[in-house]
Amino acid sequence: MKRQLTLTRDPIDEPALVSQRALTAEMGAAVYFSGIVRGTEDGATISAIEYEAFTPMVERQFNLIFDQIEKRWPVEGIRLIHRLGLVKVNEPSLWVEVITPHRAEAFAACQFLIDEMKKTVPIWKKPLA
Amino acid sequence: MTIRVQFWSYFKELTGCAHLTEELPEGSTVDELLKRLHARHPKLAAFQNSTFIAVGLDYQGRSHVLRAGDEVSLFPPVQGG
Amino acid sequence: MKRQLTLTRDPIDEPALVSQRALTAEMGAAVYFSGIVRGTEDGATISAIEYEAFTPMVERQFNLIFDQIEKRWPVEGIRLIHRLGLVKVNEPSLWVEVITPHRAEAFAACQFLIDEMKKTVPIWKKPLA
Amino acid sequence: MTIRVQFWSYFKELTGCAHLTEELPEGSTVDELLKRLHARHPKLAAFQNSTFIAVGLDYQGRSHVLRAGDEVSLFPPVQGG
């Protein structure tokens, strides 16, 4: 399974990422998730979220999740980008691509990845007014 | 033995500290380290039921035996995405 | 719920579609599905699939599915493009975008949409060697 | 009354026909139309358990009563995506 994990302080260029998609002729499904900063957090209006990460552990924990995905589903490739630092409302903080032969496994693996990330990957957020 | 401790997210504000080093007897566990830190930082102790513990880059429980040079990270629940 | 449904004989320009995304500050999740023509069909190597559609009924049936989605999940917008005519291996024949406040409902609505499409929307395919 | 019938996908090849018109007595059902078509096209009859039926743009069952000017579409299971 191809893995591409990027932590970046720059905006996520989704169109460029989509245009760089690579897959073999056996693959029939690509599922994407964009997690976007919303304008409210716990009922209060915010302008941005500041993301902090324990970077080497983030990489370690994402790779443990990728290991589990690789055992459970026939995934050809995952690309994941998470922003760090300040991310404004309406901008994506997370972008995930999962490529598989059929759609059910792409949806399952993508949801599993995000669910597990939210349990184990050491990234924290601070809403900014 | 010397153990390096890192705090993340609002645990840095609770302790007023990003990292510190602690001298512990050989064979000490994470639990012994935590008790010492909690005694010094009551605000951190108040979050002990929602404290995540990593040694190096892996999660560990309180009974985990520390070794000289270990780096212990303490942080609140993670919130990626 | 905003609905945009397109049936087209032209290639699907995914990067352009992603760059045209519009959402309000309450939205936190965008899920995309790209259904890509695979190089084999029932074990035989193929070069393309030819899609045929009963177009007005396709529109009617998709709108019935959108009606159900609108009742079940807080979806702000769906964009769906399905290609007709000849689609080569490795090209997308279907592209879907679902925008919601949180990720669980985006994944649920997107999967529901595709599952229902495969039961009721009158599109047929013919593999070409 | 006159009913217009459309065939889709490989049903066009089974019948050698894309559309036709059929004269039926007032009050005829989809089932009566199908019986007539099946008698004329045995290859179509062989697929009667996997025949989808629409009147206009909506799916209907075999007991549906047809009206003058209805357009009936017959096709195999759909395969979008």
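Should a chain be cited, it is by its letter among A, B, C and D, assigned in written order, with residues numbered from 1 in that chain.
Following the convention adopted for this analysis, a residue touches a chain if its C-beta (ideal position, glycine included) is under 8 Å from a C-beta of that chain, and two chains touch if they have at least 3 such contacts.
As the structure is a computational prediction, the values presented were derived from the model and not from experiment.
Colleague: Find the geometric centre of each of chain A and chain C from their Cα atoms only, then give the gap between the two centres in Å, rounded to an integer.
Modeller: For chain A versus chain C, the centre distance works out to 22 Å.
Colleague: Take the average of all CA coordinates in chain C, do the same for chain D, and state the distance between these two points in whole angstrom.
Modeller: Distance between chain centres: 28 Å.
Colleague: Measuring centre to centre with CA averages, how many angstrom lie between chain A and chain D?
Modeller: Computed value for the inter-centroid distance: 48 Å.
Colleague: Starting from the mean Cα coordinates of chain B and chain D, work out the distance between those two points in Å.
Modeller: That gives a centre separation of 72 Å.
Colleague: Which chain D residues reach two or more other chains?
Modeller: 81
Colleague: What are the residues of chain C that contact at least two other chains?
Modeller: 35, 103, 114 - these are the residues of chain C that touch more than one other chain.
Colleague: What topology does the chain contact graph adopt: line, ring, star, complete, or other?
Modeller: Contact pattern: an open line, chains touching in sequence.
Colleague: Sort out which chains touch which and give me every pair.
Modeller: Inter-chain contacts occur between A-B, A-C, C-D.
Colleague: Under the stated contact criterion, what part of chain C meets chain D in this complex?
Modeller: The contact residues of chain C facing chain D are 35, 51-54, 56-61, 82, 93-94, 114, 117-126.
Colleague: Under the definition above, what is the set of chain A residues touching chain C in their complex?
Modeller: These residues of chain A touch chain C: 14-16, 18-19, 23, 25-40, 89-90, 92, 101, 103, 106-107, 110-111, 114.
Colleague: Sort out for me which residues of chain D touch chain C in the complex.
Modeller: For chain D paired with chain C, touching residues are 6, 8-10, 52, 54, 57-59, 73, 75-76, 78-81.
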